[in-house]
Amino acid sequence: MSASLKEFKKHTHQHHWTDAHQEFEAAKIGMWAFIAQEILFFSGIFVAYAIFRFLYPDMFLEGASHLDWRMGFFNTLVLITSSFTMVMGVRSAQTNQKKATVNYLTVTFVLAGVFMVVKYFEYMAKIHHGLLPAHFFTGVGVSDKLHIFFGIYFVGTGLHGLHVLIGMGLLLWLIIRAKRGEFYEDYFTPVEMVGLYWHLVDIVWIFLFPLLYLI
Amino acid sequence: MSDSQKHFVVPTKYYIGTFVALLFLTIVTVAISRVDLGVLNVPVALFIAFVKMTFVLLFFMGLKWDKPMSSILMVSSLFCIAIFLYFTFADIAFRGDVFPEEEGVHNIKSPVQVVSPAEYEMMFHQDTDKKH
Amino acid sequence: MKHSNTIPAERIGQDLIGTGDLVYPEAISTYAAQSDSLFYFIFWSSLILMIGLIAASVYFMLRSKKGDKTGDYGKVVTHNTKIEIIWTVIPTLLVLVVFYWGFKDYIAMRIPRGDVIEIKAKGQKWQWGFDYGWGQVYPHVLTVPVNTPIKLVMTSTDVLHSFYIPNLRVKRDVIPNRYTTIWFEADKEGSYQIFCTEYCGLEHWKMLARMDVISETDFIKWTKEEEAKTAGQNPVEHGRSLYKANCASCHSIDGSAMACPTWKGLYGSNREFTNAASTVADENYLKESIYYPGKKIVKGYQNVGMPAYLHLSQDEVDHIIEYIKTVK
Amino acid sequence: MGSDGKHYLNCSSGWKSWLFTLDHKRIGLMYLWGVIGAFFFGGLVAVLMRIELMFPHQVLFTADQYNQLFTLHGAAMVFMFIIPSIPAAIGNFILPLQLGAADVAFPKLNLTSFYFWIFGSLFAVLAIFLGGVDTGWTFYTPYSIEAGGGALYMALAAFILGFSSILTGVNFIATVHMLRAPGMGWFKMPLMTWALYATAIIQVLATPVVGITLLLLLVERLLGVGIFNPALGGDPVLFQHFFWFYSHPAVYIMVLPAMGIMSELVTTFCKRDIFGYKMIAYSSIAIAVISFLVWGHHMFVNQSEFAVMIFSLLTFLVAIPSGIKVFNWIATMYHGKISFQSPFLYFLIFLFNFSIGGFTGVMLGALSLDIHFHDTYFVVAHFHYTMIGGTVFAFIGGLHYWWPKLSGKMYNEKLARIAAVLLVVGFNVVFFTQFILGAKGMPRRYYSYLEQFQPLHFISTTGTWIMTAAFLIMIYYFYKSWTVGEQAPDNPWGGTTLEWQTKSPPIHHNFEKIPTVVNGPYHHER
């Protein structure tokens, strides 16, 4: 290990790998397989959305009018920025910049928090108007199927929000490990994997935002 | 670890470029949604979302520099969604035996307090005022 | 309480095992015979193929036994493009033929031929009801004329059911909030078995019915009589037939225990509920219980998901209540 | 055994060394005991059900209890036994050995998957105690929305078991890609590995959909999304699309690895290279791809004519790669040096029963015939011919084949042959009768039935007792083998794949030295 890497802990790969590179590549394939399954997990919500939008287009227009596009827009910007800080975090880990890594990860964490706070205010507004899934729906609407829109809205954004929360947990774990100096040019697998996960969360939102808020 | 196995460090210009493109496309999609394009509303919004996704996949997630297997997994998962949608629609959009909704048979207990569009305007008048 | 496992005789049609050939029950619809011939086509081709496969395997095994003695097992072959193409292409062609044949017959099953008589069929837990359009629902027995195309327009008031007549080779799911249809033309008089084939709960196995195929003249006569009878019915009689068509599978009138409270002595009695204050069973309570069954659940019973009978008219409900008043 | 007599079973001891092990062999073995337990549980339920069905009147159970039993039988067999049976139990043990690797790619994930399986199974058991479930393992709405009791917990159990399956799939994909021994190109992999790889792809791409489906069902019950509930304006048939999008590919999760085992058995016991290696490998992938396109054939009686046409056409396409495999196996017997040991008997049994399953599958794929057979005992018989006749017999055959490797002991060959014959006789008595019952019109999931069906039902029930006897014999000789069986040689059958080149049982890290591959997987010298 060269002198410049003093501040990092050396990583030892698990016994069944020939070297750390093979370990990293395997983790990547595993992660992409996991992302593929995540996408299909969300597919159910998108298919349900497509079917019911096809059956009751007016109901969806009415539903979308109840959502505040500005909040959604703001949250989109927040998530995109957090995706950017995430890749920069990965890159810093890769280039042995410990401090930058911790900073970028912290910013990502804070942005995720901002996203959830905005989400909280949006949810509170919906609850106030009784615009909830059917068993709790007490709102007023022109379409008698308006509750289906909010059913899909809450399941979709709820599951996405859950993923954001899990991502925040993972980021916290990364920040702690990064502070201990565990990530450097030869070993940044966890940062890279959480990064991929975080971009996936971003992609899901890229679709949820226009589908629910805009059109 | 030998030098040939060093991980490729992506130049920052790709990341910044993607970031800017994503911000720009977000503004575009919001701006376009303010204009009513009729039947094109949904396709245009989806198209922009797909472009954004492609940017994230290629650069943020590094598919551009990655092994082909990652892209194969990604594309096949999208392909599966396409199959899912297509075949479900093959049933639902082509049903010959769906009759107009009928009182009684269509025993739907809607929780929605249904109002006429005019009443609805009245009720949400104040809200819309606040919004704009 | 023990459920009795006997299926009421009125729901049982002609023997299925004893009639027809070894595989199928007797075919009584115009399209059943075509569909059966496809079965035998696949059956015989499969049998020939199967015998071929077994013969080849046995031959190879015997040959290997011989090799044990001589020490010569022959050359190991791992490829033969010609034979691989043959056993890919021939099955492909065969299954395409089968697909086309099956699809053609299926279309014949789906698209009615000629003018049809439309009958409404209703599935509910756990009985079938048939409505010919004169305001009377006939439970358990579907009466149709022979040699006449019939179209059944079916729907369910609660969960999924499936309407199945083995002798006609026809089946279609019966779905709430939606109409599904089947058509058929029975060419032989008799009474035939109807099953529910989509699992629908506790007494799914009991959800049988009978189809009586009668001559055209008899059918016209029957229609006229029934129509006249329905028109002249007094409220209690009408209520009784509504009871039989809608309520008898869950509510008894002799005080015996069933899934739901008995109607014996119901009117005017004091009712205790698990989810509401007790009340006297008057017209208002009965009407509410018919339209919104879940609102008040009688103590000692579970909510078994009785459907809301919102499709019954005001008059029909009044007549049911009139009938309940007479059940003492 | 290793030079010092240490192998994976005795290299460490104590319950912690098992419960927290990261060794794929130990996890595989724990999975094996788990799925066998689930199998006997599901089997016991089946035997009880058949006793009830001997007569139309009440024999042991009430209608409600019977409905719970068939739900339990389906759920336990599908989610707890058959999906993890070959991939997660045998596959976990065999895959790294066949690849010449020291472990699977992610050992911790592997253990996590096992604990997901345990928790999922516990939830299923919990569902029984919380009032039971009577929705059928398919959870069709709207019945499953209103059904009381433990339906919620059973759906949750299936959800968790699904994630166990996904994690196994993720792990296997990475393992096959990254951990092949030096020199082992894609077309030098054993066909079992190909089959497990194709299975893993389906597990990853299909299982999440059942996850979201069951989640939506749970939310539908708790909050009311409205999309599956007709009372709220939803569409109950949509649920079936969602459900079968996973559950049809799941059929191939069950049967592809079984086909992999068959390929191994036929070359080892014919002592020759397989016929048409590439065709078999490609057909595994082809089956995996087509499996996503045919789910609608479970719904021929409620879809639009257009959808039904496409699904029927695509369904027939599955017959072709399946047929290719069967033809190749039979061709492999040509000029073979065949030894008729019990694993090979299971190969022959599989061939016979799976062919019947396949031919009746063609009948069910034909639209006009399916309308009559749908949801009758004909369908029940058909899928038991593929699931038991195919997967379970392959699982048992694979267990006999690899038993010397995983336990280091031999079993009583004579008893094994008797059990195999009893099993196939009993199986055919149970299910061939059901073909006739179904074609005559007997619907499935009936607690009681018309008097006329009684003789056939009775015959069917007697077969279950023959099968029970066979399984008891099997338990006996495997128990004897495990406790006092004679020491197995490293390569008792003359297999050529890498797992036979290490010790029986394998040492802790599988191989003393990671092997280098030169020849194809089935290079027999004879």
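Order as written gives the chain letters A, B, C and D; numbering starts at 1 within each chain.
Heads up, the rule we're going with is that a residue touches a chain if its C-beta (ideal position, glycine included) is under 8 Å from a C-beta of that chain, and two chains touch if they have at least 3 such contacts.
Treat the numbers as computed from the prediction; the structure is a model and nothing was measured.
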Inter-chain pair with the most contacting C-beta pairs: C-D
Core chain by centroid distance, with centroids computed from Cα atoms only: D
Intercentroid distance (Cα basis), chain C paired with chain A, Å: 48
Centre-to-centre distance between chain C and chain B (centres being mean Cα positions), rounded to whole Å: 42
Between chain D and chain C, distance of the C-alpha-averaged centres to the nearest whole Å: 32
Cα-centroid distance, chain A relative to chain B, in whole angstrom: 15
Chain C: positions in contact with at least two other chains: 176-178, 180
For chain A, residues contacting two or more additional chains: 25, 29, 33, 36-37, 40, 43, 47, 51, 55, 134-135, 137, 144-145, 147
Per-residue overlap in chain D, given as positions that touch at least 2 other chains: 177, 204-206, 209, 224, 230-233, 235, 237-238, 305
Chain D - residues contacting chain A, complex: 96, 101-103, 105-107, 109, 166, 169-171, 173-175, 177-179, 204-209, 211-213, 215-216, 219, 222-227, 229, 232-235, 238, 242, 509
Complex interface listing, chain D residues touching chain B: 177, 201, 204-206, 209, 224, 230-233, 235, 237-238, 241, 245, 292-293, 295-296, 299, 303-307, 310-311
Of chain C, residues touching chain D in the complex: 2-3, 5-7, 12, 15-18, 20, 22-25, 31, 34-35, 38-39, 42-43, 46, 49-50, 53-54, 56-57, 60-61, 63-65, 67-68, 73-80, 83-84, 87-88, 91-92, 95-96, 98-99, 101-110, 158-160, 162, 164, 166-167, 169-173, 175-178, 180, 193, 195-206, 208, 302, 305
Chain C contact footprint on chain D (complex, rising order): 56-58, 62-64, 67, 134-136, 140, 142-143, 146-148, 230-231, 233, 235-237, 270, 272-277, 279, 301-302, 305, 308-309, 312-313, 316-317, 319-320, 323-324, 326-327, 330-331, 333-338, 340, 348, 351-352, 355-356, 359, 362-363, 365-372, 374-376, 436, 439-441, 443-450, 452-453, 456, 524, 526
Of all residues in chain A, those that touch chain B in their complex: 19-21, 24-25, 28-29, 32-33, 35-37, 39-40, 43, 46-47, 50-51, 53-55, 68-69, 73, 76-77, 80-81, 83-84, 86-88, 91, 94-95, 134-135, 137-147, 185-186, 188, 195-196, 199-200, 202-203, 206-207, 210-211, 214-215
